[in-house]
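Here come two complexes built around subunit A, the first alongside subunit B, the second alongside subunit C.
Then we have the complex of A and B:
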């Protein structure tokens, strides 16, 4: 818990920091002036912390409306001579891609660092994606930290590299680095230029004429790559087998080599810079190797780039054999290039290539065995699927939409989007949405479906977005709907925060990333400005919401319904909370005929079954006091006592 | 500390405060001169899923994940998650502190899955591990006036086992760096209740 340690100016002192905190600290030590980001896991905590440090460290930090704007802002600051930072997750880099490619061609001035958080195994994402492929398309150098300590050092080095060649530099992180923690040694916070000037003679322009300059810049980095301290080799100087790894995977490889007793014959070459490659360093070690094993997350990026390098120098390094995702030796339980690495997968991969200790290593990975090594049978261990929190307004909203669509009876289609409400694809939201893609995609798809009436399509269409997503990527789709008279309903699940990534503010709110009061934009005003009808309702009033959704479904054209109720996790911090409880004298249990509606159908984690009495009961430690169940219980057995009660 | 490396897993359900517990243990270890590597995920973890933090305390640089079967200590905030984690990472050498209060997964609420019998689950882990402390941590938190203080009770209990040679005052200093005023007082009360329950 190192927010305070971010402030410490004691060079040499060791503190615990997460990867995100270490990058934050590195940027501050480098004299950062300007940071822009749209929140995304696993990198959201960087700008959260920079916002808190803005005043004390004379910097500006912003939650931008989306990643495209964020990267453009960071470039702008760099053009004026200020060191800047743009922080995204892998999906966010896709949003920013057009601008990224262009900014790279035109070049930057002061150091600009792009932190990208990839999420192998998609711990907190809809998908997994290897963003290194995108940085390569954009001609950016890529540094890959393996520990928080290295993340801080690399952030500093990235600024120097960026200024040397006037290209943005990517710091590619994975979840285990960003959210992991470790010892970090503090350095001095450097004084920096904080006086922006856009010089009269400066030009930053995208044009094919600068492609050559871009290649020359990359060639310079390629030369410098060999001298970077982040590429390391551990093992015998003449090892016949070497492992080439990057990021936290390199630590798994070092441990696996020890565990397999191979330290005397296998070397581990850790790449700190993965694009462009440190060619001399790699060739030097491939010369003594006969077998090369690649360990990395997610795609075979190093594997393919190093194999191309080897092909070019084959006469010098022959004979040599490559093992990795392409050969099938390096693979998690789902197959090569799927999911994340861990010490056991890496150990098994090396064991397979070296043909030693394979059986034991296979057993450690296969945790699906009926009885584990620990002696525990798998039977009777139910899965824990993700669900809306107790009291989440989205549960009530999706229940209301489900009910209204059933009343409507025309086989209405619900289109999902990115945020907490993505969970509605699971059982917690009755799997109501039938599509989910990128930020704002539901509204775009709705535009298309809403024009199919000429072909006889008559199913009503609801696109669902969150409040932050509304601003991020939905407004152009609404403009399009108004322009083309597309027929659909947009439901904004407005919980007054960017909840999924940790409750960051967005343009609809009256706070910014630095905690300052600002004038938020009312989304209903935006919609009215487009001359699209807009209604607002409280989803905790389930009956009223069902009626509103039903009524709107009967109208033609584009319309917007805002279901507004603050996130239950924020509301749970309020002091005047009522008590919600089941009056077990009124609950008649399985005689009711409701089939335990509150627990088995509405399935709020706080309404549980009391097997001793055969009646419902509310777990008051879990309950967030939304009181929605009160109006849904057919017996009226759920009661509210004291505190702020919801109007219905 | 039993070996060169102490592998600790803090496990539970999103929202129980496991991340804070692992950060307190890890911070105290760094302040005491150890090399620490922590692996965890958060973000989606708030939404009722299984949450696991790996904390590795040693004198060398290690990766953020513990190999399967190599947990020395499991701090389980919830019985089912303790069992799930023990199954993958536990062994006869593992010591376990388990909060006995269940948090029902969706499948159990939907009446499709059966939540395991807790005394039976406890015995299963006890039979296959070095030692189990079954602790009514949530009840203890409620009794000292902090219903959301289960994580502090569990952290205090971990400290009470003295498996890491780090004094109580180091942890209390970490808490003092994190909280102030009434919140600090309540958290310290829950932490001390956990400490006493085990030592």
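Then we have the complex of A and C:
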């Protein structure tokens, strides 16, 4: 779909949308006023689009410094009567957890929806985590859309629910929902209250006294859950086997039951609300079932909640047996609860539960695979290594750090962080980082290592963060370092964007989420303000960077080095640079002694080996013309068109 | 021989054991070996099976007798000083080089002579800094050669500049180096069966070796900075029992014992204090700072010295017969200490392949 169809106000019209677009549309239809987010896959596109719609739809959209602030802002807007939205990924919800728990206790006013993007199989995340557990801790209702259409409808319903009980409501998405597309029926864009007032009598306070109120609110939702249109049952009313699923897994379950020819035997119960549970609806179907199979991704969340419900009502529903992650029947190739579900895994899982059916399952898997193989030319596509992009300044930065640490010779430790530069854990970053946890964690761990000298620890420590991460979660660690005189070096790989999630702006830049010009904050000023020495260098100057890193490693105390160079992808879009090529008369191939440094060690995807000539060559389609290889080729065989290197 | 990769062996046998002399010859042969603050390190395992880096290193197995043959075409006649044609006193008559030289300025005068006469395109020298370790330089002019005169007592990896100069296309270079550096150069020059690529030593047409009994860790520069209260050091000398630092504000003396802890351990395992494989080797006279000891070793060395004398660049005189035993004793003692260490089976001497032709134990004379 085009971005413009988000603007169309033609009720009834069907438009192809991704899950993220459907949620965006749902929020607009619900009269959203205030959106705050920190970018994260798989849900980053929601606020990107809201930012573009801000002008036309009288709303405010923001890339916040981090998720904790984002959620607090959304709550603030809700307190004044404006419908608000907070969008995070699963890790982001962890960052916001403290505030989330408190906001939930104090309650909200206008509808506040929390979109959480979970990433089963961690396609673009460090880990797979089931955020439903966290929403449950925070006493939030959870809606789980299975299609874009449902995502839009649930967004609207979430606002209504939120206002009914004055709790934020979680819309839990997974990658396949967020990025998959489907038809969405447009509804009227509702006129909404856009007049914020913080009423004199209103109080939103966290206190144990409100715990009871919170439980009452949840109980109300539990009542309402049974009446929500999003819980469905497909199959014979007396099915002895039922599958309980939610989100896209419910679609896989329906498909699998069809493919196995079990439609007359097995029912599929789809939960639209997974917390609190639609208890009457569940008990009704568990009463006729003797076998219950849970199909869900990551944690056995529904499985455990439904089993607890069943235990409580066991005399009514006995005999009944449960199959899922706990029994080990529902499992992908890596095992129960690991990785994503897909129709094949579901087919095999059902087959494991049913006495017969293993052969049928394999046949069904084979049929679907044959169909998809016919349509997609998957065979013959080479595997692509997870690697830094051509021209990525991070590659140069990590090579420089690797060099400086080798020259320093004291077994320096590099602490990684979350961003594009996490790729340094892989081959093309020479696996330099030895730790990687959450945003800003590297700097925190460095604080700790930097205080171990009293025990005789003398390995130098480098913590690496990105520019967005610097603002997001690193500043407190720097304050700590200054206060405790911890001894480490923080390297900020400043590529002037939040590259990993799609080049969103951050507080260091002069643009905001709505495309307006703003006054960015220079991170060097922040560091100077803490009275911590700061240096700035261009990582494309590899030799100078090695020297700078080396020199800083010899100094005591906390220090910051900003390696500043815009993301190669942005640079390539912004300007036309001269062509870079290998002068094959000068490249002496394997006689060089460099062992194909450019293509196998520095490993820029744009420098490749020309097997016919036995020399290096540049893949000009891939090359972003950064010229770093020009300075590193030991033979000086890599050239810039037009002669000398152009001033950068 | 075990089938370890050459690069890995260089790392394990030389770098990891601190046997490295910091000569700098491996630096820049490939993109994987770099230097900083007189430390030489592998940035990355290049995974090559072969590797000139290992072959040319002065601290990988080196057969003295073979090198004698390669450089002089004959076995040595002098077991202590190595092969030589003449041993002389010499000093520069070349105004400038004489004034700025460490002693008689012979080294700078000869280097300037080679470059000014056009016989060498440049000279590889070691230029001092006001503080901290010196900088290896490819000097293309007399001025640049003079700017690098004077001894710096740390182990500058000067030969990295040779590699750089040759890479830039220079030919026929004069190299001034410590004995370990000369050793590396000769090993590279006598390599056979390898690609000519990057064999920078083959572009060297004159080798001036310095006498050298030890060099110091760069940590000594912090001591200097402290002793001079941060003043720029113009000259360093070690006449007898003191390190004398000359600053604009005068001299600062540090007892030699205070710097002993900075002596690089590999220097104690060095068998060659007089640059036995150089064309000429130059040292102090140990008593007259206006003159140098000059050992003319090869035919090339003889020819260059003769021309320099003929053109009035150099003044020479006989080596005082009375002083020869002092020199021989000093050198012999150092060699004997090494041989004793080898005999005790201590680590660090594995590189030395000696036979009776290369050293006949004379016993130590103190």
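Here is the rule we go by: the second predicted complex is superposed on the first by the 612 of 648 C-alpha atoms of A that agree within 3 Å, B and C clash if a C-alpha of one lies under 4 Å from a C-alpha of the other, contacts with A are read in each partner's own complex, and residues count from 1 in each chain.
Everything below uses one rule, namely that a contact is a pair of C-beta atoms (placed from the backbone, for glycine too) under 8 Å apart; a residue touches a chain by one contact, two chains touch by 3 or more.
Note that this is a predicted model, so its numbers are computed, not measured.
A.B. asks: Have a look at where A:324 lands relative to subunit B and subunit C in the superposition and call it first, second, both or neither.
C.D. replies: Touch partners of A:324: none, neither subunit B nor subunit C.
A.B. asks: Where does A:393 make contact in the superposed view: on subunit B (first), on subunit C (second), on both, or on neither?
C.D. replies: neither
A.B. asks: Looking only at subunit A, is it subunit B or subunit C that touches more of its residues?
C.D. replies: B
A.B. asks: Look at A:591 in the shared chain and tell me whether it touches subunit B only, subunit C only, both, or neither; answer first, second, both or neither.
C.D. replies: Touch partner of A:591: subunit C, not subunit B.
A.B. asks: So in the superposed three-chain picture, is A:347 touching just subunit B, just subunit C, both, or none of them (first/second/both/neither)?
C.D. replies: A:347: touches subunit B, not subunit C.
A.B. asks: Using the superposition on chain A described above, determine whether A:427 touches subunit B (first), subunit C (second), both, or neither.
C.D. replies: After superposing on A, A:427 lies in contact with subunit B but is clear of subunit C.
A.B. asks: Now for A:182: first (subunit B), second (subunit C), both, or neither, which partner does it touch?
C.D. replies: first
A.B. asks: Contact residues on subunit B for subunit A in the complex?
C.D. replies: Contact set of subunit B toward subunit A: 13, 15, 20, 23-24, 26-27, 29-30, 35-50, 61-69, 80-81, 83-84, 86-91, 94, 101, 103-111, 113-116, 124-125, 127-129, 138, 142, 147-148, 174, 177-178.
A.B. asks: Okay, in this complex, where on subunit C does subunit A touch?
C.D. replies: 28-32, 34-37, 39, 41-44, 46-48, 51-52, 167, 195, 197-198
A.B. asks: Note which residues of subunit A are touching subunit B in the complex, please.
C.D. replies: Against subunit B, subunit A makes touches at 1-2, 4, 14-16, 18, 41-42, 44, 123-124, 147, 175-177, 179-183, 248, 251-252, 254-255, 259, 342-344, 347, 364-365, 367, 372-376, 378, 380-389, 420, 423, 427-428, 500-502, 569, 596, 599-600, 603, 605, 607-609, 621-622.
A.B. asks: Can you check the complex and tell me which residues of subunit A touch subunit C?
C.D. replies: Residues 402-404, 406-409, 430, 546-547, 550, 588, 591-595, 597, 601, 632, 634, 636 of subunit A touch subunit C in their complex.
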